[in-house]
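One chain, chain A, appears in both complexes that follow, with chain B as partner in the first and chain C in the second.
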Partner chain A sequence: MSSRKKTILKVIILGDSGVGKTSLMQQFINGKFSNQYKATIGADFLPKDLAIDDKQVTMQIWDTAGQERFQSLGVAFYRGSDCCVLVYDVTNTKSFESISSWKDEFLVQANVKDPDNFPFVVIGNKIDVEENKRLISGKKAQALCAQLGNLPYFETSAKEAVNVEQAFDVVARNALQQEESLEFADDYTDAVNIHVDGDNGSCAC
Partner chain B sequence: MSDIRLERHTHSATNMHSRQLNRKISLLSSNDRRIRKKDALEKFIESHQTLVITGLSQLRHNILIEGLAKDDSGFCPYRVYVWSILLRIPPMKAQTYVDLVKAGKSKSFDKILNDIHRTLKGDKLLETRVSSEMLTRCLNSHALQIEAIQHSGKNHQNLSPYVQGMNILAAPFLCAAKSEPEAFALFSGLLTRYIPMYVVPTLTGVHTGVKLVDKCLEIVDPKLSQFLQSKLLQAEIYALPSILTLCACTPPLVEVLELWDFLFAYGCHMNVLLVIAQMILMRSKLLASKNPMTLLREFPPLQAKEVIKLAISFLPLIPDSLYELLCKHTHDPTVGNRLKDLE
Partner chain C sequence: MSSILPPEWVEMELGDMSKSIFNELPLSEDKADLKKSCLETACALQDGQLLKLLAETRDGLIDSKLRSKIWPQLLGFPIDPQLGYDFTSSPPHKDEDQVSKDIDRSFVYYPQNEARKQELKSRLSDLIVGVLRANPELHYYQGYHDIASIVVMVFENDNEAFQFLSLLTQFHLRDHMMSSIDSSVQQLEIIGDLMGCIDPKFNRVISSVNPIYSLSSILSLFAHNIQSFEDLCLIWDFVFAEKTMVLPLYIYVSVLVYFKEEILTKLEEESGSSFSSEDTYFEEDDLPMNLENNLDILHSILTNVVGENLGNEFEIFQVLHSSVEYLQNHPPSQLKCFQTRISEFSVLKTTSKPEGDVPVSSYLEDDRLSTLITKQIDEDKAKAEKRRLQLIASRRPRKTSSMDNLRKYLYDRVLINRNRKLKVSMFVKISFTIGILSFLLHYYTDKAQFRSLYGAGVNGVHNMVIVKFASFSNTVAGINFGAAKESVFGLF
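Up next, the complex of A and B:
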């Protein structure tokens, strides 16, 4: 393993504004929740090192602004993604209805080679709310995921750290599989963008 | 360095405006006089100016050289009048604002509400001076105004009633102003008159702005530019919030206010260079970092004076053709394509 470069997995999180994309990322990476997150403008990104079975990887999570799909972030954001997480809020019907258009938006922007087999994971967030506030049932969500191509589905609470680890474990595994399927394609070398080996000590001035 | 934008306008309304403003200031200051002594700059903005352009130049120069006075909390009591003069946005009638508030929810109300509780959280100055209700009313009123223009078919600039980031742009005005209508007039005027290309639904001007960051960084600091390019870190990835919000997304707000004094004096286009200046301040850290992205995702606390000084020092390096695009990118829809031609 020591002879190999560490694998970088790029994961992008999409979904309507306020569904909890930033909270999910923060909960997964820092194990914390706060009501204080700012509304994301453009995108934010955080890396996390983790082990999938015995393989060390760096997962690079890209959190995006969710206000409008037509405020498209452009190729720079989507390029080289290995997995896309689609998030909705179980108390917000509109955010659920947007899921499939976020998926389409991603496929258009990321220009992936094999759209039918690109890994997506769907997350219904905010399951910590009282039962009567919940508007989207698990059953309804499962049905949508089946229809969109048997996408893995998780229900989470970023606030109470329910199921977040489990969801991102599946995200990571899917991303790794995707990355490995592309390993020998040369034109994908531009996918990597935080990982640079070797000396840059000489750069400091 | 001359500012194309500011020199081009010579409003006949400006004289009337400054008279109104003077009256307003003298009314206010008769109450204030007992507790606060006016400094030279405050006296200057109250004095009659025969020639608007000369008066404005002097005001700009003063801001650049000395800056506005600050009290213990970093606050300048007459800042809002200076902004009003620099932006040439006269005070608005409170009734106009009251009518907008009475009109109720705009179509963007839910979006706005969704962002209110996540606007500049934890900033002391903001928390003491600006309530969520103020911010909501101000943003909703602007959305209503734009919706009315859309409805009348006169939205030629294709302005959006609300985009994320407007919440951050409104906060400094509410913080600096002495009344809500005043803050609203300045906020709304800034968006529609000075940075209309930033607040169209697709944020076109913001995307042009970040491309200009790349372009200018290439010239100002080729080494840093190449280093970031080697990591595929285009400005689009890290500079979008700072461009859209005129740097107001980086705390503390007291420093933002000072930075905005400069921006309103010399033009909002200068923001592109202010963003680069912030990067230069962390240059050696960036160059030594294996992972500069983590440093760029949140800029270090703003130091207005340092950033302004650096930004001005870049000016002689920027070729005229590029500077012209820089000046115009906040309001001219053709700049995006002209920038592509330049490449």
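Up next, the complex of A and C:
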């Protein structure tokens, strides 16, 4: 009989170099900040077990390289993701302007079946900086998110652990929803498999 | 240098003893001293052969002072400590923003001393910016800063650091500094080809993922991944002694082979499937059972193997030695991807090729090197343009009928099921059943339709629905069968 596999939620974090993707992931997973994280080259993930309501899941959080020259490598990693987090740095205008191209690039490289309904979450990071260093207002960001398809938006500080939990909670919920909607399609084949498991001893052919 | 030894003495000593003396672990203090004086002698005599031999024995080139003299010698770089450089008058390089972000995140593992770290960061910035401004046609990449960090630590003299890194960049690293990352990625394909020669069975496992798991190690010559400065220098001793940037790729293979058991065990633990027993992954042509569901995990294991497993000096030494052996037994010229995928202007086929026959000095004469670099950049630009056009073409939305989508969807599902042969066979049987059922249904509905011509309206609608369903299930059955038969026909 097929044992129900543990639910894995694959989440990809994208955004320009230096916006704080690695710091956000570390803050969420290990609950700490260090200004000694290396720049990210290529991509790798860290797992985190958590419960969404009563359901146990493992979130597989992929931290990727932000430098533009690494962008084309996404094809190798994005496939099968359940949610994509788009991060910009509130003190960096260019990183904000890149959000929508990161989104498009993701959709193409991940080969998403239903692009209009794929869950994204936008994060404006580094809100701990002094007010005068901040270049992108919350309002402006909200407007962009509305335009990109009413994407959920959070303002965070990976440094001071502001709003990171909350943002990833929504990421996890949306990812779970996405995963379950995909499972629906799988169930057809599973049902077939379950039915036939019993009698395949005789048809070793 | 008071301890220069007569050449005969050195050669005799080394011929007879180098292997035995310098390969013991660890090098005792007096042996280290003996080795140092050998190195100084060989350096003064400019005996490349001897330096190479010594570089590839225990403790390598021993310390930074020796390395700053011997690395340039091994690579044939003319270095003039008096020759200064000034970058302040040159226009900024387009990637300087990125450089400063990376310098903020440099010297993560060493040195411990905060003041020294700050001093190094400031020198690092000048060094990278200096080299980039002197080579405006090259693109900076993340990972280059890791290499430059080692260079500033080893070369206390800024002029020497600048000249060394400039030449290293032009002769050995420029493939990674084209406009796109493709020429780096092409280099990585060597890993799979080489593994195919050394351990074809294991290669079937590792080749199921894209070799970019090795990207950070290769781009940074391991500086991004190895956490000990001494260990890293030992690796560089070997790489520079072999004078080729193909060695890092061979080292990666050597690491994978060395830690094969660990890799497979970890893969089993983390995926809950079995890969290591002979028959699970050796018998069939397909991917090992369940591996396809665990490619992400495999990528992660393979990308972390250098940082997490390559811990002690003994292992590093073993790994380095076998990589040099692989290079002798399976030179890149024998590998398919090397012939077909690597550009003729690549460092691996020109200035950084194994047993390069053209000396550095001749490249530096008559603009030979700059002509080569220009050609490579032109080729890269042409390829990038071609790729851009292809991309545009491929992303133009194509009209697909819903039937196409259904077909594709079902076909994908069948492909995913490829290894679950028995289950797939059941899938086919069920398809047959549906097919037969729908045929019968068809038969029935034909009659029904005939009747409905006379029958009541409600009945008619009902029957039409049945007709639709029947032809739909016929199609489904047809597609199922068509897609499945290729992979499982033999089972019937």
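Details
Rule of thumb we're sticking to: the second predicted complex is superposed on the first by the 176 of 205 C-alpha atoms of A that agree within 3 Å, B and C clash if a C-alpha of one lies under 4 Å from a C-alpha of the other, contacts with A are read in each partner's own complex, and residues count from 1 in each chain.
Keep this in mind: a residue touches a chain if its C-beta (ideal position, glycine included) is under 8 Å from a C-beta of that chain, and two chains touch if they have at least 3 such contacts.
Remember, it's a predicted structure, so these values are computed and weren't measured experimentally.
When the two structures are aligned on the shared chain, A:Val108 is found in touch with chain C, with no touch to chain B. Judged by the touch definition given at the top, the superposed model places A:Lys38 against both chain B and chain C. Of the two partner chains placed by superposition, A:Leu135 touches none, neither chain B nor chain C. When the shared chain is aligned, chain B and chain C each come close enough to touch A:Gln67.
Once chain A of one complex is fitted onto chain A of the other, the partner contacts of A:Ile52 are absent, as it touches neither chain B nor chain C.
In the overlay built on the shared chain, the residue A:Ala76 is in contact with chain B and with chain C.
Of the two partner chains, chain C is the only one that A:Lys10 touches; chain B does not reach it. Once chain A of one complex is fitted onto chain A of the other, the partner contacts of A:Gly18 extend to both chain B and chain C.
Overlap of the chain B and chain C contact sets on chain A: residues 17-18, 35-42, 44-45, 65, 67, 70, 72-73, 76-77, 193, 196, 200, 203-205. Residue ranges on chain A touching chain B, taken from their complex, read 17-18, 35-47, 65, 67-68, 70-74, 76-77, 79, 190, 193-194, 196, 200-201, 203-205. Against chain C, in their complex, chain A makes its touches with residues 10, 17-18, 35-42, 44-45, 60, 65, 67, 69-70, 72-73, 76-77, 80, 108, 189, 192-193, 195-197, 200, 203-205. Across the interface of their complex, chain A is touched by residues 111, 114-115, 117-122, 163-165, 167-168, 201-203, 207, 223, 227, 230-234, 236-237, 240-241, 244-245, 249, 284, 287-288, 290-291, 293-294, 297 of chain B.
Residues 98, 101-102, 104-105, 108, 139, 141-143, 145, 180-182, 185, 209-210, 212-213, 215-216, 219-220, 224, 296, 299-300, 303-304, 395, 413, 417, 420, 422-423, 425-427, 429-430, 490-492 of chain C are the ones touching chain A in the complex.
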